[in-house]
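Chain lettering (A, B, C and D) follows the sequence in which the chains are written, and residue indices restart at 1 in each chain.
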Amino acid sequence: GMPLAIVAGPCVIEDEDTTRRIAERLKDLAARLQMPLIFKASFDKANRTSIHSYRGPGLEKGLRLLETIRTQCELPVLSDVHEIAQVVPAAQVLDVLQIPAFLCRQTDFLLAVARTGKPVNIKKGQFLAPWDIANIVDKIASAGNRRILLTERGAMFGYNNLVVDFRSIPIMQQQTGMPVIFDATHSVQLPGGAGSSSGGQREHAPVLARAAVAAGADAVFMEVHPDPDKALCDGPNSLPLDTLEPFWRQLQAIRRILHDGDD
Amino acid sequence: GMPLAIVAGPCVIEDEDTTRRIAERLKDLAARLQMPLIFKASFDKANRTSIHSYRGPGLEKGLRLLETIRTQCELPVLSDVHEIAQVVPAAQVLDVLQIPAFLCRQTDFLLAVARTGKPVNIKKGQFLAPWDIANIVDKIASAGNRRILLTERGAMFGYNNLVVDFRSIPIMQQQTGMPVIFDATHSVQLPGGAGSSSGGQREHAPVLARAAVAAGADAVFMEVHPDPDKALCDGPNSLPLDTLEPFWRQLQAIRRILHDGDD
Amino acid sequence: GMPLAIVAGPCVIEDEDTTRRIAERLKDLAARLQMPLIFKASFDKANRTSIHSYRGPGLEKGLRLLETIRTQCELPVLSDVHEIAQVVPAAQVLDVLQIPAFLCRQTDFLLAVARTGKPVNIKKGQFLAPWDIANIVDKIASAGNRRILLTERGAMFGYNNLVVDFRSIPIMQQQTGMPVIFDATHSVQLPGGAGSSSGGQREHAPVLARAAVAAGADAVFMEVHPDPDKALCDGPNSLPLDTLEPFWRQLQAIRRILHDGDD
Amino acid sequence: GMPLAIVAGPCVIEDEDTTRRIAERLKDLAARLQMPLIFKASFDKANRTSIHSYRGPGLEKGLRLLETIRTQCELPVLSDVHEIAQVVPAAQVLDVLQIPAFLCRQTDFLLAVARTGKPVNIKKGQFLAPWDIANIVDKIASAGNRRILLTERGAMFGYNNLVVDFRSIPIMQQQTGMPVIFDATHSVQLPGGAGSSSGGQREHAPVLARAAVAAGADAVFMEVHPDPDKALCDGPNSLPLDTLEPFWRQLQAIRRILHDGDD
């Protein structure tokens, strides 16, 4: 059985020092637990709820910093792209290009990302059924790229609330043959629920992450921060760095039960 | 840590022989795995989708058979009641009285059940939020009965579909202090989705049950049958008896991870 | 074309004087506008959110008062029943027996109501799709009673919120051939949303009522009160008596557009 | 009171002849009924469900044809843009630029559209609450553009289904002061519900359009086609041209009831 993988990092790149410190801490922990790790941070939050929110350092400066993390910390890096013009420069640095949930139906954008040949992580839109992902996978594959990851991040449930339907994990795996990541921190967002920013319920992220691994998820994504209450983005649903070890151990142990300890 | 408990049995009492055979099989397995077991079967399905569906042997004959299971198999028995007139006779036989989800807001009925002093299992209505259960617990407690179990069985998600919001398990535990059972087989129903009966997705029941235990559920409820395709009720979401052992072992192992192996 | 009918009254019977005063006011208005009117009030609110809420005068006293309204005001009266034992006494007084939404799947109860031969108003459960009502109509019809009204009162939409899907009005009419009432005041409830009682959004009731008539509803139900903020039940979604005339005139005018002014 | 406006046209530009014929027919009807009309057609369907679907003539050819409609038929034209590079050329031709629902949270894109100074029609995302639109209006207004229209096109309701919450019309009007268009044909889509394309329920479009006008909508949007079953896009929810007259008359009559016949 494949070991459980982790995708983790701060929601948005803040400054070099903070970003690096987070990467080092994650790397140490993953090495100790022998869990594959991908580092994730956004260089630009292009769809913040409010025009007044912090957006990040931008494409150029952000990619430069991710390049540093990649080479100096020797970690694969993942980030999200938001328009066609970003795709080629991003592909020169990133190990995995991520399609944001809101953009998962934009055909030209999907094709531009696919054509880089890099692994693509498709976040399933909050407005899609699990079986709707197959058409999106087909779009990527039509450009000759079959290195695809799928991310479950919840579905709209009434207003300003998301619910995770864990049936989606086996459904997406079986329909597409691709690995499924569970996004533990965006799934506990309350989108728009805090007026001019999205609220969140950090305390539920470990609960849902454990449930996802028990339901067969291949990897867990989480936003982490040394001090979530001071994070510049998604603080309410980010996990404090110093709580990760027992949490990751639990996830790993649940994974082993599903795969008979053969990892 | 408390061990994970199981509530299991056929959806509806069919004949004495089948019912007994199921009880014996469940008892053997639970004993072998040292899991607490409650036997469950309905004597009357009072809210079938269609007027033409099989409803069960009725109150008197059904209770007599449950009494037999209780004394001869030495198993605690749970069944659901549907109107005030059934409550007193049912309480003379049953170890736990169950409030059906559709009836969880009927005050007089709740009070009648509460006044028996017997443990009460409240199935959370498909139309309730997790925090809405506190008012129902208050109604039971107002009659001096605090032996209460809560059951999560999914919430309406659009038409003819349910979704399980696993945040509900810790929310209900924390708000009420009561143990939470996860109903693995009704949660995968497609209510009304098969025309004149409810459809189901049996294959998802173990997935969701594992997720529930990982999310902290105290017990798992499941409908089982020696031959689900021939079951007179809820066949599409019942689990075959001969697949239970590896499934229960997985659930138990996940439970131990959450509770540090101290059971 | 049939004229638009109105079903109206206080949520719960308060005292004789208030109840009568409401009935007289409604009767005068309906007569002036030549709209058919059924008076509605509950004698017992059997499923209040909290155990501490006012429930009404009870079966005997409530039916006596409804009898007074019926004979002295010469208005047909409708009320809801909640258990089999209430059905026969209620049928001796009421012109229409109403099945509460939560109870619309309880087969024995439906049959008991059906067997009175009285017109039955089925409130569609918040957990049902429009096409699910056909099985319920079949249950009533199986007892030889085809005097059936259907009421749309919204469907669960996430937690503590309802949404009205107006496609349901033509769907239910076409599938069953029965008239459809739109419940304008319960549809704007926020169930459980106010802690130990349900919240409401009175200002949206006229909006949704107009939409319902435009979508083809045959009648509109509304809770009314001389002073909604002092109402003992459902105040937040009750309409003040003195605002009804322009509202009813609008509904009537919309109805005439759909039916070519031939009423 | 302002008269009810209509936004109508084929889903996608097919050929010049068909497009022009549709525009002429719509113009004649609108003139006869004295209803303000905006012609709408897409030059590129950038987010079709499947990679194999027809997308339209593309930006350059499509804008040239819309320019023809604009000058020769003397109709204002509206179309949707999908990426920043399209915004400036589109603004040189179009009278109104439309933000697609999936893109309504992309800040840079919103700002680029806003900066053209042209009227902007924001389609409310299927994943947004009505009150979430205020943050989007703020983004547009932050660029000094307050010529904003809002479009209601339904919210996700479970999987592969939308529901229209008509409370959204007054909520968006009151919160933003902007006019609200109701999109009658996309609201009856069953997104993804037909496998590799979206299904639709054309028969419900007039029902929901009447409801929307009764709820206070300022304009109605509809996709029309001379022969919907042969349409290259959204056929299942397009309305046949020759059924429009009685439908538009009904909408206009309902509008007059709300505004006292003063238009």
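FYI, contacts are C-beta pairs under 8 Å (C-beta built on N, C-alpha and C of every residue); 3 or more make two chains touch, one makes a residue touch a chain.
Note that the coordinates shown come from a computational prediction; the quantities given were computed from them, not determined experimentally.
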Shared interface numbering between chain D and chain A [over half = same, under half = different]: same
Chain pair, A-B or B-C, that carries the greater number of C-beta contacts: B-C
Chain pair equivalent in interface to A-C, over half of contacts matched, among A-D, C-D or B-D: B-D
Chain centre separation (chain A, chain B; CA means) in Å: 36
Chain B and chain C, separation of their C-alpha mean positions in angstrom: 34
Junction residues of chain C, two or more chains touched: 155, 157, 159
Contact footprint of chain D on chain A as seen in their complex: 46-51, 55, 82-84, 102-103, 105-109, 125-132, 135, 138-139, 142, 155-156, 159-160, 191-192, 196
Chain A residues within the chain B interface of the complex: 155, 157, 163-167, 169-170, 188, 201, 203-204, 207-208, 210-216, 250, 253-254, 257-258
Chain A residues within the chain C interface of the complex: 157-159, 161
